[in-house]
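When the chains are written out, they are named A, B, C and D in that same order, and each has its own residue count from 1.
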Amino acid sequence: MSSIGENLRITIFGQSHSPAIGVTIEGLPAGASIDGERLSAFLARRAPGRNEWSTPRKEADEPEFLSGVKDGVVCGGPVTAIIRNTDARSGDYAPYANTPRPGHADYTAFVKYGPARDAAGGGPFSGRLTAPLCLAGGICLQLLEREGIRVRAHIASIADVADGGDILTGAVGEVFPTLDPERGEQMRERIAEARARGDSVGGIVECAVTGVPAGLGGPLFGGMEGRLAAALFGIPAVKGVEFGAGFAAAALRGSENNDPFRLENGRVVTETNNAGGILGGITTGMPILFRVAVKPTPSIALEQRTVDLEKMEETTVAIAGRHDPCIVPRAVPCVEAAAALAVYDAWLGRKKEL
Amino acid sequence: MSSIGENLRITIFGQSHSPAIGVTIEGLPAGASIDGERLSAFLARRAPGRNEWSTPRKEADEPEFLSGVKDGVVCGGPVTAIIRNTDARSGDYAPYANTPRPGHADYTAFVKYGPARDAAGGGPFSGRLTAPLCLAGGICLQLLEREGIRVRAHIASIADVADGGDILTGAVGEVFPTLDPERGEQMRERIAEARARGDSVGGIVECAVTGVPAGLGGPLFGGMEGRLAAALFGIPAVKGVEFGAGFAAAALRGSENNDPFRLENGRVVTETNNAGGILGGITTGMPILFRVAVKPTPSIALEQRTVDLEKMEETTVAIAGRHDPCIVPRAVPCVEAAAALAVYDAWLGRKKEL
Amino acid sequence: MSSIGENLRITIFGQSHSPAIGVTIEGLPAGASIDGERLSAFLARRAPGRNEWSTPRKEADEPEFLSGVKDGVVCGGPVTAIIRNTDARSGDYAPYANTPRPGHADYTAFVKYGPARDAAGGGPFSGRLTAPLCLAGGICLQLLEREGIRVRAHIASIADVADGGDILTGAVGEVFPTLDPERGEQMRERIAEARARGDSVGGIVECAVTGVPAGLGGPLFGGMEGRLAAALFGIPAVKGVEFGAGFAAAALRGSENNDPFRLENGRVVTETNNAGGILGGITTGMPILFRVAVKPTPSIALEQRTVDLEKMEETTVAIAGRHDPCIVPRAVPCVEAAAALAVYDAWLGRKKEL
Amino acid sequence: MSSIGENLRITIFGQSHSPAIGVTIEGLPAGASIDGERLSAFLARRAPGRNEWSTPRKEADEPEFLSGVKDGVVCGGPVTAIIRNTDARSGDYAPYANTPRPGHADYTAFVKYGPARDAAGGGPFSGRLTAPLCLAGGICLQLLEREGIRVRAHIASIADVADGGDILTGAVGEVFPTLDPERGEQMRERIAEARARGDSVGGIVECAVTGVPAGLGGPLFGGMEGRLAAALFGIPAVKGVEFGAGFAAAALRGSENNDPFRLENGRVVTETNNAGGILGGITTGMPILFRVAVKPTPSIALEQRTVDLEKMEETTVAIAGRHDPCIVPRAVPCVEAAAALAVYDAWLGRKKEL
């Protein structure tokens, strides 16, 4: 299924080169207003073709609301919004129809869907499908903000360059989303180098959700880690998710990893936040903190070994089409969007219990 | 919700000290036989009180099938199996009713459920709930094996000691699940040291699923990474999940991380497996590989700072009850169980498409 | 799936002769108290063996709460309660293993589950599975009542005898649930006649849900009619459901069937209630009214034609086991329970929107 | 939620006067071809403005596939298709914004969605939303037909005129879907009379699904009656659903209502089909038979009493806009579509079990 969410249900549809891509959202509260300008500004952060480190494919990525919204206000019933695909060059992909690109879904799409598959541009596996994800998530970000909940991510690392600063206190760059502009500059150098080599680089995105009340989520499969991870792994290229101290916690002692409780202005807080704001699957009221591993863009110009699926013989492929040498910068708003979906879904769920 | 799965639906119920814990499984194929002895042997790998590195709480952990199974064969309708709680000492937990233990769900349970919560032994947040998880997963492991699919995990690290060997080719220790017995010995030393200090240690579990056909899963929220992660984060103490190269992929170049395709006995395989057997959310036919971060046991004997929720003042707590100084060894079968649930669910889903 | 509900999820498990039957309920609010005596009294209305018009099978039908309830209060996490099967005589059913009883699920169970099926007593298709339905529904009835919502049903007809009175104003008999005791007496005569002939009779149950606020439900597949029907058709033997004027509305003109709006004490009400309290799938605030067709008990002593599935030849069957000559009286609490589940589920859903 | 289906998931979106209405379908098998001409012909049966007994609103109702279909073949990923709203006259509905039309969802929409609601043309409650229902159902009808399963409905009655003939053997009229053309003529007279009076009439639709294999569905909430009813009650104006003998079964004796089994060409069949092809919630292999009560169109020209929701005073309303004096003829393809969705969903589910 291409759907997620228990209380707010999101269904994403479309392929890289289908007439349109879009999303249907069930469960948005009637009466909620959507700030179209802010939504467009959010989508622009993800949109391609805006700068030297992203694919030159140009898409306006302006959402068209087909249903559920009237005069900018949610009016009841499902909200469906679409984005037309305009600058799709299917011809670019013809050479790869039978020679799956390593690291891409070409081969698995062939196995799953057979000859009927829409191979152009990665079909339903394309990173382009994160546009409707950001569309839905961008709406949730606005609704969460009205509840005092903010979601903010930055590039924690690209290749071997780590960002500095603290996401809870620092300012994230508008053009390039790092806390430390100098490190951002170094990351862009790594991207430029990779591009020059016909190669690509990966990175890590870190995200903080602040202002979350304690009590969202639940034990076992209702836990916030699982809900967030299910949304985050929906972003193509994400290969790891960790909360709080995450994998590093594996090397800590309990006395180091446990976050002592204390009082702050009459409110229970924790001294440290190795739990990433989640204990027993439930938010503690501390910021939710997590990190997401983004693999290097699989599309590279370098020659790679592959298989001709028709002739069933080994061959090579070099990818000439347009592509990002690093998708991490554009993954930042995607991570925020996925997080917003999961948190808003849990926030709605909490209303049932109170 | 305490449920998971699309085609095979699992609902886990119970608290640490409730009369019983158990699981309801919907979607098991009628006619499938369950090998009770092997299931018990699998449950024994998770059960407490068997050795020096686990809690001395003794539980037989023998499943009682209430419905859906007749003479050891699935007979149609939901399968419900329970495990009685026998050696529960609720008194042990009385001191912590109002002083939440750091790293535990005590505080979040209080916020979520209020004074009605069942605080004894961690209530529904207890690691004891992994027994029904293993029960359901143990059944799926048997069914998968009949399809040629095997799930095997080992301890990849505890504290600063990493296991050696290759999970795809090595033998996992029966008493202590490492590939390299010597490293296992060192890990046990770390556990013993932590116990002696009244402290605890964490670790990493690595898991491989072999024999998986290509084509399981789907794009976006239907991807195998998200399905597996949703199941794995249902295990208390799991704080990170990564597939294939995972977080390390973030530092690789595309040309390094992409897995070239080649032919092997007329079958498409990949040269490397940085993708962890999943591309575009769909299995490639290569082994599914993933790693899970397990935090150090939050229950430690050392004094920790906390808050008295009734008096709303700061205080300390030292945990005297029975507990594991390291839950990683017992997490190994839990990881196998969670993986088996997710893979078998996807395997059933694939049947609809063919 | 054997589950139902969006916000309150119910999973029923068990077979007529399995060790136990039961239900898991996810989504009950922590802190809600359950009145065990009233619940038992409600279950007793459905229980067999209490009078001359029901099967002599004796079952205590006392629920045992395995999880989620502590000292009679919902404590968080799923609630699982079971009822042990004690007076099961599997031998009674041996003769029908290969000669499906007409009107029963014997043949379809054979097709669906094959030789592994649990044929004894109807297996998972048994009317006995309405005990856990009533268990879950009985809890919801209590919770709804605290919100001022009452669910009450009566026998509208058995065979050719119709009840008199108005369910909104009349008193329902405790021993035999009709509004008019005299008609109830006549119905019991019809039942006695049928029993004497080795035959059975069917009937209609009418139900009213009062005190429902306007605004529950939603358009299309979220409508209250569909939600109620999905729950009601879960009761074995139900073959029709109609709301308000129902099938009779088909013969009315719009001017007759439309319910004019008017004000009553400053509240919008309708003059008539042909809509059965539901417009556009959403409650109007008027009583929800519906009727449920219950087929005559398929188990009859008269000889019936059937097929020997092993020899694949035609034969006959006469059913000697214990059975009700009319299940309509015992269906009354089942209808109330199913309605309570659907209404409470929608009531919880409404909380998300406000 | 506006979604339905377990294995084939349908989400319908749109309002009467939104830019478009549409449907997203998850779970269609890749490689399935869709006959666009037949689909259009099916949609034309439901479309308005084609004859004297339906609203003069003209809509082309031609589906535009946005995703999931390439060259008329399902290519993997969700299928989304929309229908543009072109001939919407929102002005027609301005007078009713605060004076809810009796029998319509105006009042309940106001309660549920508040002032933000889209009142024009009934918003998301409009019968127009059956166009995407027919779009999705029309595709399922084609897929079912390839499996030898046919779904056919006719008008069983309008007002006091009942159709003659047998849906299993008779031919349904193309222009007016009755078995007996003469009865159809009489029904049209009743419609014309109602229109002349400014009134409307209701009716009953009967549907048969033939060629269904035994074994679809399941016990309890997985039963075919509940699945079909949940889909059918999604059609606005449906107020009752009955299977086989339905409400009439309530007056039968078990010996009359039970369908004896016999052999026919080595296949198990039933002599009669009072069960409507469903026993224990599972298909028997006999035709599925059911009847659906459709209330008279609530939109009538006659003056009706209502309430001014702003001034909170009683007033009257007479509906001048375009509307059908009888929606039963157009409900016939809707019933077929809803049935096809439920049956195809169950058919896909059955594949998991075999």
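Going forward, a contact is a pair of C-beta atoms (placed from the backbone, for glycine too) under 8 Å apart; a residue touches a chain by one contact, two chains touch by 3 or more.
Just so it is clear, the structure is predicted and the values come from calculations on it, not from any experiment.
In terms of C-beta pairs in contact, the better-connected of the chain pairs A-D and A-C is A-D.
When chain centres are set by their Cα atoms, the one at the greatest distance from chain D is B. The distance from the centre of chain A to the centre of chain D, with each centre set as the mean of the Cα atoms, comes to 39 Å. Note on chain placement: the centre of chain A and the centre of chain B lie 26 Å apart, centres being C-alpha means.
Note on chain placement: the centre of chain A and the centre of chain C lie 46 Å apart, centres being C-alpha means. For chain B, the set of residues touching two or more other chains reads 1-3, 12, 27, 30, 77, 109, 112, 124, 219, 353. Against chain C, in their complex, chain A makes its touches with residues 7, 27, 29-30, 77, 219, 348-349, 351-354.
Across the complex, chain B meets chain A through its residues 1-4, 6, 10, 12, 100, 102-105, 107-109, 111-112, 122, 124-125, 129, 157-160, 194, 197, 199-204, 214-215, 217-223, 225-227, 229-234, 236, 238-247, 249-263, 266, 268, 270-271, 274-276, 279-285, 291, 293-300, 302, 304-307, 309, 312-314, 353. Chain D makes touch with chain A in their complex at residues 1-3, 9, 11-15, 18-22, 24, 26-27, 30-31, 64-68, 70, 73-80, 82, 109, 112-118, 123-124.
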